[in-house]
Amino acid sequence: MSEALVAPLSDADATIQSMDDASPAKWHLAHTSWFFETFVLRDHVPGYRIHDERFAFLFNSYYEAEGARHARPHRGLLSRPSLDEILAYRTAVTNAVLAAVPDLPPEAEALVALGCHHEEQHQELLLTDILHHFSVNPLQPAVWPGAPKVPVGMPGPIGWIEGATGEVCIGANIETSSTSRDVDNRVRTTTYSTSPQARGEVERAQTATSSTSLPFAFDCEGPRHRALLHPHALADRTVTNGEWAAFIADGGYRDPRHWLSDGWTWVQREGIDAPLYWQQRDGVWTRFGLDGRRPIDPAAPVTHVSFFEADAYASWAGARLPTEFEWEAAAAAHDPASGNQLDTAGPVEPRPSIGGPAFFGDVWEWTGSAFRPYPGFRPPEGAVGEYNGKFMSGQFVLRGGSCATPRGHARASYRNFFYPHQRWQFTGVRLAKDL
Amino acid sequence: MSEALVAPLSDADATIQSMDDASPAKWHLAHTSWFFETFVLRDHVPGYRIHDERFAFLFNSYYEAEGARHARPHRGLLSRPSLDEILAYRTAVTNAVLAAVPDLPPEAEALVALGCHHEEQHQELLLTDILHHFSVNPLQPAVWPGAPKVPVGMPGPIGWIEGATGEVCIGANIETSSTSRDVDNRVRTTTYSTSPQARGEVERAQTATSSTSLPFAFDCEGPRHRALLHPHALADRTVTNGEWAAFIADGGYRDPRHWLSDGWTWVQREGIDAPLYWQQRDGVWTRFGLDGRRPIDPAAPVTHVSFFEADAYASWAGARLPTEFEWEAAAAAHDPASGNQLDTAGPVEPRPSIGGPAFFGDVWEWTGSAFRPYPGFRPPEGAVGEYNGKFMSGQFVLRGGSCATPRGHARASYRNFFYPHQRWQFTGVRLAKDL
Amino acid sequence: MSEALVAPLSDADATIQSMDDASPAKWHLAHTSWFFETFVLRDHVPGYRIHDERFAFLFNSYYEAEGARHARPHRGLLSRPSLDEILAYRTAVTNAVLAAVPDLPPEAEALVALGCHHEEQHQELLLTDILHHFSVNPLQPAVWPGAPKVPVGMPGPIGWIEGATGEVCIGANIETSSTSRDVDNRVRTTTYSTSPQARGEVERAQTATSSTSLPFAFDCEGPRHRALLHPHALADRTVTNGEWAAFIADGGYRDPRHWLSDGWTWVQREGIDAPLYWQQRDGVWTRFGLDGRRPIDPAAPVTHVSFFEADAYASWAGARLPTEFEWEAAAAAHDPASGNQLDTAGPVEPRPSIGGPAFFGDVWEWTGSAFRPYPGFRPPEGAVGEYNGKFMSGQFVLRGGSCATPRGHARASYRNFFYPHQRWQFTGVRLAKDL
Amino acid sequence: MSEALVAPLSDADATIQSMDDASPAKWHLAHTSWFFETFVLRDHVPGYRIHDERFAFLFNSYYEAEGARHARPHRGLLSRPSLDEILAYRTAVTNAVLAAVPDLPPEAEALVALGCHHEEQHQELLLTDILHHFSVNPLQPAVWPGAPKVPVGMPGPIGWIEGATGEVCIGANIETSSTSRDVDNRVRTTTYSTSPQARGEVERAQTATSSTSLPFAFDCEGPRHRALLHPHALADRTVTNGEWAAFIADGGYRDPRHWLSDGWTWVQREGIDAPLYWQQRDGVWTRFGLDGRRPIDPAAPVTHVSFFEADAYASWAGARLPTEFEWEAAAAAHDPASGNQLDTAGPVEPRPSIGGPAFFGDVWEWTGSAFRPYPGFRPPEGAVGEYNGKFMSGQFVLRGGSCATPRGHARASYRNFFYPHQRWQFTGVRLAKDL
C-alpha cells in the first residue's frame, strides 16, 4: 500500500523534508525496505547481495548498532536517488523477501512480521509528513483534491462512561525473544507488498510456515500485567472542532492558569494560538488537510493538537486526560475494526462521531501517561532492541489510532508516543474525570 | 539558617548567576522573603506596607498570577540591590511575620508553614547554585575550605532487599484546601529566621496558634492512595564513586546501547563523559565540592549525575531504577532523621554508607517514575496553586533528600523532581531489579 | 542559456536548497523571469496580464518595495510549482517580452538590458548552487560526468607586474537615470532566451529600437572617477591548488598569526582546514566539482576559498591582496573575452594558466577592498534602486569573473561582492605587494 | 584615573558582565595591569616575579600568542578575585613599572607608552560597559546621580563647510618598529597611575629616559600617505536628539528604503526603533545615562546609534556619511584639546554644541569608511602586533573622540572602529554631501 500512498506525488514532492520531525516520502519508502533488507535478507538469507551498499548510510533511521548514518535534518537534501530508483529498490527487496519466506528460520519470520508492522507505522508518518510539507507551501496544494464536504449532524453533549475500578489486566503477552508471530497478523502484514499478487504470496508463504502463537504486538506493549484503577469516568467521544473554537474564543491560549509550565513556555515562544493548520480569516476558521484548505467542521473531532494543548483544554473544561490504563480497560471491549482508519473508502480525515462510544480511529488520543516501561519490560537483544525502549523518556502515550492508521494496526494494547509539543500527527483529546 | 549559609560569601559571590538553571544567592534570599511578604503579609495583614514596590518584579520566581517579572536568565545582572540591602529586607519581613503570627487567620498560618518549607527548598538550591558558580571559576575557590578527608572503610557489595508486592498505600494525606499545618512542622519552620532568638519566637508564636492536624506535605505528595507493586528488590545502598569509575572505564559513556535516545543525544551534544564536577588528570579523578577540588572518594555515593546517566548505569549493571512507589514503600519504615543532611556537624557532601540500609540523606535518588499527578490530585486555588502541579511534564521524581537538604525537610512521601539532563543537585543512584 | 544549464537536472534536483545562501535551480529560473515580468511587462506593457498572481510572493528575491515575499531559507520547500510549470512560465514571459520590445519606451529598454544582465548573474549562481547541493549528497553525483582529466604543464613561479602609480581613472560611466543601453550588450542579452530563433528575435528587436550610448554597467560600477594608486606590483597569475596544499601542509589553517580576528573565529567555529569541497583521504586531496569528485590538479587555480582564507594565505606568503583599484588599473588593458568563462566548449572549472598574464575568467579574485560606494554614487529611484547599493556593508569586492561567469558578463569595471566567509562561488586569490 | 572611575562601584557592580561585547569593570582594571606586567615587566625586567600566575589566563583579552585564556562571554562569572584584590594587583604592577622605568631599554619604553594609551582606551570602555550594565537593571541606578539639567540654547540649522579637494596627506608617521615615543605623550600616560605621587614619578621617569621623537599613534594610524578627495562638504555640527526624534516621528525606522540590507535585517530582528537607552512613555522620550534616566535634551548630540542607524539617517536626510579622509582633512586644523572629553569638570555626556565647528569630543562620529589598512601598513612583530591589524574586516571607522574619551587620547589621525550594529559607545553622526 505504501506505493499507492505516493501515487499522487512527483519526484520533487517525495524529496522534500519540511521540518526536522518529518521525513521525505522517498525516505519512508526506502527506509522500510532497508529494514527488510538488513534484518531479514542480510542477516537470514545466505548469499543475499545488498542492492546498494550506500543505502545503509542513507536509510538507517536511528539504529546505532547499524553504524553511521545520514543526519536526520539532512534527509531533504537528497534529490538522488530518485523516486523511480527507490521504487525499483523496493520491488527488488520485496521480491527477495517473497522468495525467501518459505525457507526462513522462525526468528526471521518474526522479523518479517515486525517489518510489516514497521512499514504500517511509516505509512501513517508518510501521510502526516506530506501533509506538513504541503501545508508550508504558500500555494497550499491538495494531495487528494476530494469532494466538497457535506455537513452531517452535530454530536450531542459529552456523555460519561464510568470505568472499572480496582485491578485490571493491561498490555499484550510478549514472548521475550520477540519472535512471536500470529495468523491474524499475516493478513495485515501483506499490506507492504507491491501488488495483490505479491500480497497473496507473502500471506500464503507466511501461513505455510507459521504455527499459531500470540497476536503481534510491539515490545513496549508488554508484558501483560495487573494495574490498579481508581474511580473515574471517560467521555464517550473526543472533543470536537466546535468545542475547541469555544476554548479559543474564551481565551484558552492566553490564560497561563490552564497550562503546564513547559506548555506555557511553548505557547509563548512559538506564538501558538490554535491547532496546527488552523487559520482564521474574517472570523472564519479553516484548516489544512490532505484535501487542501477548507473550513473546519465543528462536528468533527479536533486534531493536530499537542499534549500541552490537550492538557490545557482538559483543565479549562474542569476535567483531565485519561491514563493509558483507564483508556485500555475501557477500549478493550470495543472492536478496533470499526473505526475510521486508513483503508476505508472515504477521505483521510477525522469524521464526526454520531452513534455509540468509539475508541478506535479518527484521532490518536493523548493520555496523561508518560511513556515508560511496563513492569518486567526488557528490550529484545540486537539492533531491533532499539525499537521502542530507548524512547522511554520525555514522551506521552497516545491510544486508539487515527484516520491515517492502516486498518489492522490499531488495537487496545497499542502504545503510540510523541513529545508533548508535537502535533503534526492526527492527535486529539478525550476527557476523563475522577469519581 | 539562610543567613548562615551566605556568611562566607561576598556581595559579588552572592550576585552571580552561573547558568540559567541556577539563581544568585542574593536572589534566593530575597525571593523567599518576598514569598512571605506577598502571600502572608500583603494578603493577610491589614495595613502592611510593602517594603519596596519594585521587589515584586525582581523577586517573583514564576507566579504568573502575580504579574510580570524579571526574566530568569537575567537574575545575575543585578548588582543592586546589594547583599546588605537584601539582608535588611529579610530582617524587616521576618520581624513583620513574627509580629503578625499571633493574629493570623488559619489560612494564613498554613501559608507561613508553606513559606518555611519553601525557604528550606531554596536553602538547598542556594548551596547547589553556589557550588556551580564556584566550579566555573578557573580559580576553583572553596566555599568552606574544610579539613583533609580521612578515608573510611569501603562499603561491601550491594545487597538486595526484597520489596513489598501487591497493593500498598502511597503518599501523604493532604487537605485539599492546602491550609493544613502541624506541630512537628513548627520546629522545622523556625530555620528560616535570622537569629536563635527570632527562631524561638516564631516557634512559640506558631505553637500558640496551632491546633494539631496533618503533618506538612506539599500538594503533589497527595492524595494518599493505593498503588500496586510487582515483585522486585532494591539495593541496600546507593552506587559509589568507585563503582561509577568502573562504569566509565568500561566505556559506559561511549556505548549507545545503555542509553535512552534523548540521553545519547545529550551525551553527544554536550560531550559528557563523567559526572558533573569530575575531572581526570594523570589518571586520577577529582571532583569539585563546597570544599574545593579534591580526589574522589571511591567509597562515597556518586553524585551530580543526571537521570540519563543513572538510567544508563542501571542498564550497564543489568538492573533498573526503582519506581517512586517501590522506593516509598521501602523507605517508609526508616527514620528520615538519621541521614546525612544539611544541619549535621560535618561538611556538606555525601559520605560513605557503612552500616544498614539508609534511604534518607547523602544524595537524592533518581527514580524511573515521571513526575505526574497522583489519582485525585487537584492544585490549590490561587497563586500558590502554581506551586507544583504545573511542573508535571517532562521531569522525573527523585526521593530521599541529600546532604544539602535541611534536616526535617526529608520524608518518605517527599517528591523532588528535575529534568532528566539536570545534575547540579546532589543526585545519585539506587538500583532495583525485578524478581 | 538558463534552460540549457538545467537540462541535466530532475524536478527534484531543481527543487532543493542545500543552504540558506543558495537557492533552488527552479527558483533562479522563475525569479529571473519574474524580474522581466514585473519591471518590464507589468510596468511598461499596457494590458499585460500577470501569469500567476501568486508568483510575486514566491519569486521576489529581496525587493522590499515589491511587497511581502517567501522567506529565503524556505525556498527549498516548494515542490510545486514543478520544474515543467516554471519552464512554461519562462516561455510565456520570454514571448511576451519579445513581442513587446519593438514598442517599449527607452526606460523600459534599459530594464530589458538590466534583466538580461541580471539573468546572467543568476546563471552563475544557479551553477554554484547546484554544485553545493550535489556536494552535500553522500552519493556525490556529478552534474556533468565529463572525461578524465589530462594533466597539462605546471605554471612557473609567480612573476610580479609593476602597477601604475598616481592618479588613475576607475569605474564605468553611468547615466544616473540607469536607462543606458548599448549595442554590444544586445548580443549578450540574447543568452536568456529559450531558443536560437527567440534569441535572434530579441537581438533584432533591441537593435531596431536602440540608439548607441554607453556600454552596460551595473549602478555600483560608477561613477567613473579618479583614484590614487601607491607603488605596488601584482602577481601575474592566481594561486594554484599546489601552492595551497603547501600552505595547508605548513599549518596555515592552525596558526592564528596569519588570520584576521573574525577569520580565526570562523576557522575555529566551523572547523575549516581546507577549501570548500576539498577532502583528504590517504594523503591525497580531492575536490568536488560539477564533474564529481576528483583529485585536485596542482596546476589549476585554487578555488572555493573565502576572503578570510585568501587574506591568511597572502599573509603567510608575505604578500597582501590587491585593492580593487590596483586590479582594475592592471586589468583594463586586457581583453575580457579571452578568459576561461562559461560559454567555452570545455568543462566548467578553473584551468591551469600557462602563458601570459590573465585577469578574466577561471576564478573571481578577492580584493582587499570593502564593497562601498564610489564618490558621487546614487542608487536609481524605484525598486530596481535596491539593486546593489543596499548591500554596501560587510562585503568585499571580487574582480575578474570565473569559469561559471557567462561570456560577456566580465569586464574591467565589474564589481562582484560577497561576505568574507562565503566561498561557494568560484573564488580564488591573486597576490599583491607594496613596492 | 582608572581607580577614580570605579570609586562609585561596589564589588558586585565591578563584577557583572551585562553582554558579550562588554566586560566587567574589574576585568578592565586587571587586564590593563596585566598588559604592563606581561609586555613590560615580564619581558624586560630581569628577575621580575609574576604577581599571580593564574592571572594571565583570566586577564589576557585576545592575544593568541600569549596562550589560552578565559572565554570572553564568561568574564562576568568571576566573583573572585575581588575588587580589592585587583586593586592590590594594580598597585603592585604600577609600583614595579615605576621602579623599572629608569632602566628600561628603548623598546620597553615604547611599550610603556603603548600601555598607557591602551589603558586610556579601556577607561572609555569601562565607562560605557558600566553604563550598559546599569541600564539593564530594572532599578535603573545612576553611577553619578548628578544635578538636574539646565537647558541651554538650541543650535541653529546645520551649516555646510566645504572640504579640500584633490590630494591631501592623511595619517600619522609611524616607526615601523612601533617603538616610538614622545614627550607630549608622557603627560597623558600618567593617567594610569594610582596616585598623584605615583603619577608624577612616572612622568619624571619617562622624561628622564626619553629623547624626543614622533608623537604617539597606534599602528593603524599610519603610514602617513596621500589620499584623494572629491568635491564635498561636511556639516558644521553633529545631529541632535531633536533632529533624531523627527527622524523617528517620520517613520525612519520602519521604511526599508533608507537602510542598508544588513541594517534592515538587524532592525527587524532586534526590534530596533530608537537609539540605545531611549524609551518613550506618554509621548516623552527619555534616555539612560551615567546620571540615570532623564528626558532627552533636544539640543544635545544624539548618541548610542549604530552605523546602520547613522547611515539610514543620512539617507533620510538626503546626505551621506563623511569618509574618514574627508573628516581628517577637515579636523586637522582644529584643536583636539577643546572638546567635551572625559577629564572636564562636568558630567560625562554629550553637550549641546553652541559656537563654531567642533570635531573633537561629545560623540564618536561614524564615517562611511570600512576599517582597512593604509597603503604600506604592516603590523608590528610579536604579540603586540595583534593590536589593531587583525580587526581589519567588517568594522567601520569612527573619528573624533567622545565625552568618555580621556583628554589627550583624541587626535585628528585617531581611528576608532566598531561593527556596524554596535552602539553602546558614545557614537553619533555628522552629515556630509557631494558638491
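First chain written, first letter: the chains are A, B, C and D, and each begins at residue 1.
As a working rule, a contact is a pair of C-beta atoms (placed from the backbone, for glycine too) under 8 Å apart; a residue touches a chain by one contact, two chains touch by 3 or more.
In UniProt terms, the chains line up like this: A, B, C, D = Ergothioneine biosynthesis protein EgtB.
As the structure is a computational prediction, the values presented were derived from the model and not from experiment.
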Next item on the list: Return the chain whose centre of C-alpha atoms lies at maximal distance from the corresponding centre of chain A.
Entry: D
Notebook entry, point to check: Equivalent interface to C-D, which of A-B, A-C or B-D, with over half of contact pairs matching by residue number?
Noted result: A-B
Checklist line | Whole-Å gap separating chain B and chain C, where each centre is the average of the chain's CA atoms | finding: 61
Item checked: Euclidean distance of C-alpha centroids - chain A vs chain B, Å -> 39
Margin query: With centres defined as the mean C-alpha position, give me the chain A-chain C separation in Å.
Written below: 47
Notebook entry, point to check: In chain C, which residues are in touch with two or more of the other chains?
Noted result: none
Item checked: Interchain contacts (touch definition) - all pairs -> A-B, A-C, B-D, C-D
Note to self: If we count contacts the way the header does, which residues on chain D are in touch with chain B in the complex?
What the structure shows: 10-16, 18, 54, 57-58, 70, 74, 76-83, 133, 136-139, 141
Notebook entry, point to check: Tell me, which parts of chain A touch chain B in their complex?
Noted result: 62, 64-65, 167, 225-228, 230, 232, 256-257, 259-264, 307-308, 311, 368-370, 372-373, 375-376, 390-394, 396, 420, 434
